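Residue numbering begins at 1 within each chain, and the chains themselves are lettered A, B, C and D in the order written.
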Amino acid sequence: MNQTITPLDHEKVFRDPVHNHIYIRYQVILDLINTTEVQRLRRIHQLGTTSFTFHGAEHSRFSHSLGVYEIARRISENFNKNYPSKVPGDGLWDANEELVTLAAALLHDVGHGAYSHTFEHLFNTNHEKITQEIITSPDTEVNKVLRTVSDDFPDKVASVINKTYPNKQVVAMISSQIDADRMDYLLRDAYNTGVKYGTFDLDRILEVMRPYQDGIYFEMDGMHAVEDYLMSRFQMYQQVYFHPVSRSMEVILNRLLLRAKEIFTNTTQVNAQTPFILLPFFKGEFNLNEYLKLDDGVLETYFNTWKSHPDKDLRELATRFLDRKPLKSVAYDEDTAYLLPKLKELISEAGFNPKYYTATDTNFDLPYDAYRPNKKPIQLVQHDGSLQELSTVSPIVNAISNKSTGDQRFFFPKDVIIPDQNINLFQSKFDEFNKYIKNGKLITPKEK
Amino acid sequence: MNQTITPLDHEKVFRDPVHNHIYIRYQVILDLINTTEVQRLRRIHQLGTTSFTFHGAEHSRFSHSLGVYEIARRISENFNKNYPSKVPGDGLWDANEELVTLAAALLHDVGHGAYSHTFEHLFNTNHEKITQEIITSPDTEVNKVLRTVSDDFPDKVASVINKTYPNKQVVAMISSQIDADRMDYLLRDAYNTGVKYGTFDLDRILEVMRPYQDGIYFEMDGMHAVEDYLMSRFQMYQQVYFHPVSRSMEVILNRLLLRAKEIFTNTTQVNAQTPFILLPFFKGEFNLNEYLKLDDGVLETYFNTWKSHPDKDLRELATRFLDRKPLKSVAYDEDTAYLLPKLKELISEAGFNPKYYTATDTNFDLPYDAYRPNKKPIQLVQHDGSLQELSTVSPIVNAISNKSTGDQRFFFPKDVIIPDQNINLFQSKFDEFNKYIKNGKLITPKEK
Amino acid sequence: MNQTITPLDHEKVFRDPVHNHIYIRYQVILDLINTTEVQRLRRIHQLGTTSFTFHGAEHSRFSHSLGVYEIARRISENFNKNYPSKVPGDGLWDANEELVTLAAALLHDVGHGAYSHTFEHLFNTNHEKITQEIITSPDTEVNKVLRTVSDDFPDKVASVINKTYPNKQVVAMISSQIDADRMDYLLRDAYNTGVKYGTFDLDRILEVMRPYQDGIYFEMDGMHAVEDYLMSRFQMYQQVYFHPVSRSMEVILNRLLLRAKEIFTNTTQVNAQTPFILLPFFKGEFNLNEYLKLDDGVLETYFNTWKSHPDKDLRELATRFLDRKPLKSVAYDEDTAYLLPKLKELISEAGFNPKYYTATDTNFDLPYDAYRPNKKPIQLVQHDGSLQELSTVSPIVNAISNKSTGDQRFFFPKDVIIPDQNINLFQSKFDEFNKYIKNGKLITPKEK
Amino acid sequence: MNQTITPLDHEKVFRDPVHNHIYIRYQVILDLINTTEVQRLRRIHQLGTTSFTFHGAEHSRFSHSLGVYEIARRISENFNKNYPSKVPGDGLWDANEELVTLAAALLHDVGHGAYSHTFEHLFNTNHEKITQEIITSPDTEVNKVLRTVSDDFPDKVASVINKTYPNKQVVAMISSQIDADRMDYLLRDAYNTGVKYGTFDLDRILEVMRPYQDGIYFEMDGMHAVEDYLMSRFQMYQQVYFHPVSRSMEVILNRLLLRAKEIFTNTTQVNAQTPFILLPFFKGEFNLNEYLKLDDGVLETYFNTWKSHPDKDLRELATRFLDRKPLKSVAYDEDTAYLLPKLKELISEAGFNPKYYTATDTNFDLPYDAYRPNKKPIQLVQHDGSLQELSTVSPIVNAISNKSTGDQRFFFPKDVIIPDQNINLFQSKFDEFNKYIKNGKLITPKEK
């Protein structure tokens, strides 16, 4: 039998702060962890600019990937024990699906790059596509390891992540409204930020999960545990992921990369400030190998060198990013959006180029979606086997179902509202600007 | 009155995973946190290569610095409340010492560089000296902020860290056998690694701390809490800080930087692989500004580029470091040290240059030191005011007092004992090598 | 100055599993804790029959009372530090209110009896009235201690608990929709049951609390922490406090005491089974002294003796209670209530007296009440000082506001639906009974 | 096949604060939990008088029994998975031993009575013998349930607890220096007291446990986890179990029961104060049925009635116990023991009968015993399979091995050293008494 898929004599154990231990029972999983592509995730923060607001959020996508693996492993172990398939197609769990599940869980984010959110937007990279490529391209270490299982194993793993894998239970474990990915990141992000809202009872949820023909559902008795998970998710979005200060740091990052692209795309200079690794992206022509060189440290290293670059905006933006000088922001809505041009004008008059020092940003989340066409709702199973969609029995979930929450914000330099005491040349601008803001929101100022 | 030292109207609160919240009451502390030198600590991991063994250990020196500040703040708050000085020299706590204490706590590690342990050894940098320089040099932001308190404030803060500050209570809070620094790093490292041994009852220890003329002592009732702290410290050293895999990654880092220095010190080439920021260190001529550009990401970015460098050893060592290919190791002692040349010979015959692929490393810790000349022992105070040195009343502490624990290890490529199945050219070497190892220790093989 | 209200030289510290430490700074508080009336609370479980479902819920009202005290102390300490009153009537916190607050917090439940919920209902005792009496009656130790502060101090403390005390901030700390009482019991009950839903971020809530003229409000920034507290409260009610098994044990307790009253009220026998301490309550004539003899152990001791009482129902009910033989239950509503007489008939036919072995019980909770006449809503204060009622800004809270949740259940012997295999005399009754139940709810059975 | 030992279709899950969940897979285990003898443990506190010092320590022997069961279950599950026996006598784990292990774990303390330590000493009851009797006597519910497995099952279970069962692995799980019993009580007592010293890494210890021919040993890699467990145990004894205040409450309990025996043994009166349930014990003639009526509430109910008994000492001691009026104490040793008669004389002169109001108490613990004849030492297994006794490789354990720690204390009324301000008739006695005490220890006073 294939050695990489024979269970190891002794489980290999990783110590993990969230799950306490992570158990590895297959050589192929160990080998995957040891590939250059997976190890690279150690150098990419899970939460990008969030650590500028919650300083503890310094954990990497590597730690998260192990966590997703571990949750998937626990689900599979539970299904093996309590719901083993007896006849093909009986809607129970087929132990042969374990390995593909574990591999997909571990690799689901392997294509992520540095500060993906911002980077992808600017440079048309796509971490999901790259994840697929890393898994299926014969040049990667990941692919080589996967092929030790079988020739079609890489494609199988890729199709799980791609949600086209035929076994819907496997797909649901990795990507659904309550999957191993989300459960790990909520717990891990909560643990590392120190925010308590993100915790929920993972053990209880795993206990009430059950496989069925079309995926995974939950026992009715576990409804409150699922409710609590959704509320945790809601709170994490509202309080952590959408935090205005982190978003303002993302705005700065965006403007900084934009300015860098303008400066370096056609540069021929080669010196200490040349962003060699970024050039292919500035030019819009990059290959997988070049992509895999990207990590947070690479970006920050260039930013570091740019702090003394001759271009004032590049220098200033790099400094703002590395030294954490966030922009301020106000919430606005459709009624007050008409004021933005006026505000940009004031900012420009105060000496800041609005192109680099202002931005609008919209963050909305749908905490739970009962009827989205391509995302299955969460189903509860009653004692008699009949199913009920979660929001029809939980008033709490019904309250947040299909309702997106979030805000639109306008970002601008703090200096505009809290002027440096020594430079009050623009005092009248500041005074005027401040008239438009009340309780953190944009308002139409009262006429005098 | 000076604005930066007036208490803020509203405390500023940072969320922290270890202390839950960190409270800032002075503008000057906020300003210090926002300096470029302190923000830089976000880009330096607290535990260097430890995260290669305990993947959760991804926290930075920035988080730790805030934590040390918070513990010092709590001690000071407690002393203000319960032991305020009434007459100068009464051995109680003088509230005027608060600000210098907090600043020193926050800044005590500000001079740390990337992977300090290895880097300092190779390039004669000294993070303690650089901490002093950052505080006292008029060119840094830190110094500018400190001078808003008073002209001599930077020197005062530096002298606390330097242990020459006249008030011994302040010095003891920042550096002694049970100080804010150690207490934070034990708790934080334990929290992030997920290892439970590092936890102890911080609240209880803070409660039984008391100021006296010559520093800080502990109420007799708190003896067990102090014991428990020392045991936690002991366990963290044995299990986390001295872990052979982390140490082997440090060995690789050392050899990699060594090889890089050989290659780049006199290079005149300027290309994508040139380590611009490192060159001053390779040449042994660097200034503070150059030092402050160093962080973990900078080193790793160069390593990244070196993975395709023409030099085989540089390439191989960079790959081993970034892709986590640790060396193996065995413990040895004075009785078996004589075998090392023989082992190196075998390794060389197996195709590895011993200069780059072997090393010896010694790690010893003195968990508690009752009689070290320049480190005060821990004193307990009885109900009648008399003092007793901890190890004289605690049999547990006595057992570990003045006894260093740790080991000496010899590092070598794993390939020597677990050969790649496809390359067994050197099988006889492997067999011979393995004869010298038993239960993880070097032994004199039995004659046949 | 009065010695009992002078701060102690050294705080007295109690170790507490929920708050870690409880700090006592006044002799009068220590003296109150040491009264016979407060010590008696050690012998009354906080959660009555809940430990029959969640075995960890074995904590007493004594522990809870200390916890409420500690939270009140922390609020007061925070207010003293950050919102001290400067001018009478400025809506800030008057430090002179501290002692009355702490005493009221500690004593708010001192009148609770054994299994209050059931006991009060049957015997017309009223723990709130008795709390007042314990505080104001000159015969109690509590009253004697309170009078060491001042002659009118007992009345002041009583009026806080009675909500008639003029300072509305003090009243709000002890009884409002988010007070020290509720916060402690949620955290403590969650801690002891092991249910995770009850936890919320106490530190954060304390931080955003602010005194104002009419009570206490919360900073807008803290909205999510308050939301989370309300959700925790909601979940604890749904999952712990309303658990059908605990309620069924309460039903048994009720029936047992009812039967005992029938038997013993006019008994003249004096033997090992005579419930001396209960007789005054059976007769409806009891004094405070007699009430203070009641505790959980007293009731259980009588039950213990009744396990061999000649009366079959008394014996059986005592056994069911002590040996935890819960009744089964089904939910019903107005549409299915008409079936209850039929079910009772079947139960009677199966050999159980419906008077003792069936019951209906309704449990509803209003998780948050925005407009209740005598309960103030939770107010949030914006940056400009204006107030907003919580449910108008939080969609989550709006979803649960003014909507009661809970259920009505019908309780009956388990034997009716899961017959003992050896006694199937009544099989046809069982079969019929089961037709009325589906997915835990009462249904109108389909006609065949 | 026997129904009670067939695995249940769905595991039954109990929520537990220490282990989160407790999993029940066999009907026979559920049935055992539901026996009257096991349910009775709900009414007996695990830690007796400790809750007078650590108020959170209100958990029962019932909760602990479930916890011991759960740890045994986890060990067995791990052994089933990783070390299943292939050939009888191969020293690996035989899955057929699971049920006897689980039953013994659950029942190991079933014979405990109220405040066992004190009660047994006075009345010659023996909880270990009674445990055996409950298991083997045909009259108990426990025995009836056990016999559903097989006729000899009760004897097997009893022999495990008795340590005579042939399979030494099973015996070691339930009683050895590191067994399920000790591990649960340390964790549970630490959790409920809120003391942090008692925690250790249970997961890690379970991971490194391995069965072998003669019992259970631990992998060398897990040495530090075992060390940490022993240190936790040491700290819990020093700080919790030996706490002088709890011991002084035990002294009061002892004196109270002593006085009650004197009064009631030959009483013929039958009234509200007659301790019916205790009489058989006072007379020294009791049967199992009478023993099983004892619980904490029964004792406290009698004490309650005795608070108004005509006998002054009975009244006073009952009040001291229920209202928590501990005695004071000082440590003494062989050098100062000669002073005790003198102190008793002073106490007598101050108006207290030394028979009821003084006592000596000795508490010593042997934290780890490397060479006790009938207790096996802890063995570590090296990579090559050879064993090493723990204290020979761990300097920490060596330090505490075979050394008992604890103290001898003399207990006396607090009034003797801190006289009531209104009654200073005996001031000279107090002054004299105080001369003998310094720093909590008895001393020979200096001659003037």
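The rule is simple: a contact is a pair of C-beta atoms (placed from the backbone, for glycine too) under 8 Å apart; a residue touches a chain by one contact, two chains touch by 3 or more.
Just so it is clear, the structure is predicted and the values come from calculations on it, not from any experiment.
Among the other chains, C has the CA centre that is most remote from the centre of subunit B.
More C-beta pairs touch across one of C-D and B-D than the other; that pair is C-D.
The geometric centre of subunit C is 31 Å away from that of subunit D, both derived from CA atoms. Distance between chain centres (mean CA atoms), subunit B to subunit D: 43 Å. Looking at subunit A, residues 20, 195, 204 sit in touch with two or more other chains. Across the complex, subunit D is touched by residues 195-197, 199-201, 204, 220, 224, 227-228, 231, 234-235, 238-239, 382-384, 386, 395-396, 398-400, 403, 405, 438-440 of subunit B. Subunit B makes touch with subunit A in their complex at residues 14-18, 20, 34-36, 39-40, 42-43, 51, 54-56, 58-60, 62-63, 66, 191-195, 270-272, 274, 276-277, 293, 295-298, 300-301, 304-305, 319, 322-325. Interface residues of subunit D, counted against subunit A in their complex, comprise 10-11, 13, 20-21, 82, 203-204, 207.
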